[in-house]
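This is the structure I want to talk about, given as structure tokens.
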Amino acid sequence: MSTSFEVWLAAALTLMVLSFLWRDNPFYKFAEHLFVGVSAGYWMVLGFWTTLWPNAVVKLVPAAARVTDPAATLPDREPLVLIPLGLGCLMLLRLWPRLSWLSRWPTAFAVGTTLGYNLVRTLRSDLLSQIHAAVLPGLLIRAVDGSVAWGATVNQWILLAGTVCCLVYFTFTRGDRGARAPLARAGLMVLMVAFGASFAYAVMSRITQLVGRLHFLLGDWLGIV
Amino acid sequence: MNWLTSIHWNLVLWLGGALGAMAWGIRQVRRNGPPRLRRIAGLEAVDDAVGRATEEGRPVLYVAGTQDLDDVQTVASLGILGSVGARAARYGCELIMPTDRSLVMAAGREVLRESYTRAGRPDDFVADMVSYVSDDQFGFAARVDGLIARRRPGAVFLQGAFYAESLLLAEAGAQAGAVQVAGTAMNHQLPFLVAACDHVLIGEEFFAAEAYLSRDPDRLGSLQGQDLVKDAVIVVLVVGACLVTLADITSWGWLANARDLLLKVVQP
Amino acid sequence: MTDARVSWVERLGLIDRRWLYLVLLISVAVAVVVRPLFPDTPSTFVQPVVDRIERLEPGSPVLISLDYSPAAAPEIEPMAFAMVRHLLMRGAHPVFISLFPEGSAMFQRLHAEVLATDFGDLEAGRHWTNLGYKAGGRMVINALRQDLSAMYHADMDGRPLADLPGLADCSRLGDFSLIVALTSGTPGLKEWILYGGDPTGVPVVGGCTGIGTPEYLAYFPGQLRGLVGGLKGASEYEAALASLFPERAFPRRAGRVMGPQTVAHVVILIFLVLGNVAYLRGRRREGGGGAA
Amino acid sequence: MRRLMPQIITTVVGVLLVLTALMARPEDAPTGGRLAFFDFIDRNFSVWFNILAVFAFILGGASLMKSHLIKIVGRRSDWPYSVVTLVSFLVVLVVGLAKLGGPPGLTGDVTHPEAWLQTVFNGLYDPLMASLYSLLAFFVASAAYRAFRMRSLEASILLGSAFVVLLGRTPLGTWLSNLLPPSLAFLRIDAISMWIIRVPNVAGQRAVLMGIAVGVVALTWSVLTGRSRSRGGQA
């Protein structure tokens, strides 16, 4: 059995969370509320020391670099970081209802940046690259003896046909009669097989997490394993 | 000029084409009215589910996801809530809506008040239909599960952004024998919801549902434009695959040129 | 006779869920204690990762992004440890960063179990470098693409980037030989493909949780050169490592967990079958298998 | 002003970045002349965004305090739990910002193995998060028994595919497959599960990705042009 305070604390909290399986109870609620507080604090601290301090404070007041590392070489001053700092301060105004409209400015900047960077990248990586990956020669030849690899070839065409059918399923404004209907139906079935695979992989992840916890309880804490 | 050569022309082509298609779609809808819409089974199930619950004398339960109002899926869900609420009002069926955010509660009340008024039954609207339960994820699910076990709703709607709590909610509904209609764009939860619910609006269907129900011409037009882009993608895929294959097995130069041109257009 | 069986099936359907919890808990706990070890071989998605690392020149800088949280650690840590061991055995220079706040703590565990234990003779800053966490997600990748020093001025021990011999020829993302994204969510592998690999041409390989695997496979093999998916992938990687370096006898964390994992899969499959048998019987009795 | 200014910021920033992504070739050597402007944007906007991201954490913490303080002061139901959240938040904040434990003063890494923040991580954050997620394994197990039903053709296909993959990705699947005679090798459950992942799964995922990409174009356009809030056609 472990003698470390950290491990005992962790074990107690683990049991508190798992007590939810019996029913919702004060121990579980305590643990969940503790998690909300701890994680918010943890993220804020790391954001401050890893990003805000070196990339904003130090760039504005180079001497600040010496606070965290007395031997640091001082970087150049970059007054431009006043822009994001100012926007950041405006963001905090959301807490004061009368001035909260100003907090829309930094949000607008964030939305514009996200969408602006995202648009072309998504177009490239999720549309063009996927098309590029789908448009492959439909007759695969084995390098060894020059014969046709029929298995791989058939798979290639099934993959392409499946993609097309799913795309047909995701079109909405073409009515539902004619040749599209059976294709869309087939697309739905392909999607279901895909979801089945996602389902299985998600179950796997959940189980690994459980095994990890039991490992901690039985091994690190109780020392049985 | 070096900057002319440094433009990704094929990206410009696709982007321009997509934007053009959407502009065309919106113009088309504004001029000629809404397009022919494919039926979405999950959306048609809304009516039946509410009807069945009414016949059995059981209430309808609606959960608008577990995220706050700043999530697009929550907003889309409130659009669907409007039409579910209108049907419940028309049939005189009781509606219960537990929420896990106070903002969603307030917005839900507004939406339902309007649907009940529009259905001509403003007096049937009671603010308490929409209640705030709890902010915490599994705590919310546990209490909604209790509610489902006690009230035994005839229809359960799980529409919006869900995380792991979706499983708990769907399981409780299945146990109560409710008709369950789910809708979400959370890819990780979709498979579980499909397995546990009777009807599911899958990803894009969920967003399209909002356009279907709102009948907003711009939304429908944009949808029509997006469909045009998807059609173009389908054509490129089919033509491209055939072209690449033929160019591979024949030795015709023009085929190889055509293939190279096409691959350049889709070069990421 | 038939009636008795139907009611038995029906009773099965109404069983309290806590019994199911208990069955799962006990069967997994027993398997955790027994810990069987199964043989494994790399699959189509894992082998390319192994091959790519095998082909690296000694000294090649490899960016490793630790984008996972404690919840995913049971899945990701075994593969992270195996891949870092492999990189260091081949003399590559791993540069660790993180887009997850928890990444710094995850690095500490990796340091304790791999860098300090198996490779105690290697030097920080010369043989491997830890740059740490930055907030901003995909925008961090975007900034690194332009210039490493836009986001990072020093490593986590405070040494300025310019003083790190291992990073002498490495001033931006494009200078790396390989990007290894170990991912449990967003931001993660997808962002590394979209914002890192695609625009710079640096090959990206990944390790991810089971949940992410099916989606990321759509990027394989074009944009994603190899994928170690979930515990099974990690177990395959460990097996590959064991056959490459039999003399080192590295621990096989994932391999050891595959036993309890298999038991749990079987329990869930049994539940799935039993539940559906009860359902289909109930439905047949209700209305001759008509529409429900 | 209140509505116009945010729209202008979003549109200008968004359009500039779209143009940047279309024009600049940052992977080439640094460009000069006209492209220098785009390089400047590309480099700085992401760094600025990252600084803003930290303010989002700060805002999140502050709103957390505000909402829980309201609960405590108003003695709302479950208010004692709000005290737990509030106190733990403040304690972690002080421990982290003051870099208690570890290297002396404010020097060194806040996640240094001896820093108290690392104890907070190991003793509180890590077990809580990992345990919350491990609950899901139980939920899946009970839903497998009580909710996942072959109620339609679609659900049956999904469950069938899930069954094969779940079995095929374990040593048990390999073991069962080894019982098959070589002539039936195509029925090997591990091979079928691999096929499902490589072919139909990729087809489905690919279509979903393409669909989302088209949706992103539509969404970006409607936000950048300010149509996203319009109802009924007129802005």
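Just so it is clear, A, B, C and D label the chains in written order, and each chain counts residues from 1 on its own.
Convention: a residue touches a chain if its C-beta (ideal position, glycine included) is under 8 Å from a C-beta of that chain, and two chains touch if they have at least 3 such contacts.
Quick caveat: nothing in here was measured; it's all calculated off a predicted structure.
Enquirer: Which neighbours does chain A have in common with chain D?
Expert: B, C
Enquirer: Between B-C and A-B, flag the pair that has more C-beta pairs in contact.
Expert: So, comparing the two chain pairs, more contacts are at A-B.
Enquirer: From the centre of chain D, which chain's CA centre is farthest?
Expert: Following the centroid criterion, the farthest chain would be B.
Enquirer: Roughly how far is chain B from chain C, centre to centre by C-alpha average, rounded to an integer in Å?
Expert: It comes to 31 Å between the two C-alpha centres.
Enquirer: Could you please state the distance in Å, as a whole number, between where the Cα atoms of chain A are centred and where those of chain B are centred?
Expert: 21
Enquirer: Using mean CA coordinates as chain centres, what's the gap between chain C and chain D in Å?
Expert: Comparing mean C-alpha positions, chain D is 16 Å from chain C.
Enquirer: Mind checking the centre-to-centre distance between chain A and chain C? Centres are C-alpha means, answer in whole Å.
Expert: From the centre of chain A to the centre of chain C is 13 Å.
Enquirer: Mind pulling the residue numbers of chain A that touch at least two other chains?
Expert: 20-21, 29, 32-33, 36, 42-43, 46-47, 50-52, 55, 68-69, 113, 117, 119-127, 129-134, 160, 163, 167, 170, 191-192, 194-199, 201-204, 207, 209-210, 212-213
Enquirer: Enumerate the residues of chain C that touch no fewer than two other chains.
Expert: Within chain C, residues 17, 21, 24-25, 71, 73-74, 102, 104, 132, 134-136, 139, 142, 151, 158, 198-199, 211, 213-215, 218, 223, 230, 232, 261, 264-265, 268 contact more than one other chain.
Enquirer: For chain B, which residues are shared contacts with two or more other chains?
Expert: Counting only residues that touch two or more other chains, chain B contributes 8, 11, 15, 18, 138, 171, 187-188, 191-192, 194-195, 204, 230, 233, 268.
Enquirer: Sort out for me which residues of chain A touch chain D in the complex.
Expert: Result: residues 5-6, 9-11, 13-14, 17-18, 20-21, 29-52, 55-56, 67-70, 80-81, 83-85, 87-89, 91-92, 94-95, 101, 104-123, 126-127, 130-131, 133-134, 155, 158-163, 165-167, 169-170, 187-204, 206-207, 209-210, 212-213, 216 of chain A touch chain D.
Enquirer: Which residues of chain B touch chain C in their complex?
Expert: 171, 187-188, 268
Enquirer: For chain A, which residues are in contact with chain B within the complex?
Expert: Going through chain A, the ones touching chain B are 20, 23-24, 28-29, 32-33, 36, 119-120, 123-125, 127-129, 131-132, 134-139, 157, 160, 163-164, 167-168, 170-176, 184, 191-192, 195-196, 198-199, 202.
Enquirer: Looking at the complex, which residues from chain C come into contact with chain D?
Expert: Touch residues, chain C against chain D: 13, 15, 17, 20-21, 23-25, 38-40, 43-44, 69-71, 73-74, 102, 104-105, 107-108, 112, 132, 134-137, 139-140, 142-143, 145-147, 150-151, 156-158, 174, 199-201, 213-215, 217-218, 220, 230, 232, 258, 261-262, 264-269, 271-272, 274-276, 279-280, 292.
Enquirer: Quick one: in the complex, what on chain B touches chain A?
Expert: Touching chain A from chain B are residues 8, 10-11, 14-15, 18, 25, 35-40, 136-139, 142-143, 187-188, 190-192, 194-195, 202, 204-205, 208, 212, 220, 223-224, 227, 230-231, 233-234, 236-238, 240-242, 244-245, 248-249, 262-263, 266-268.
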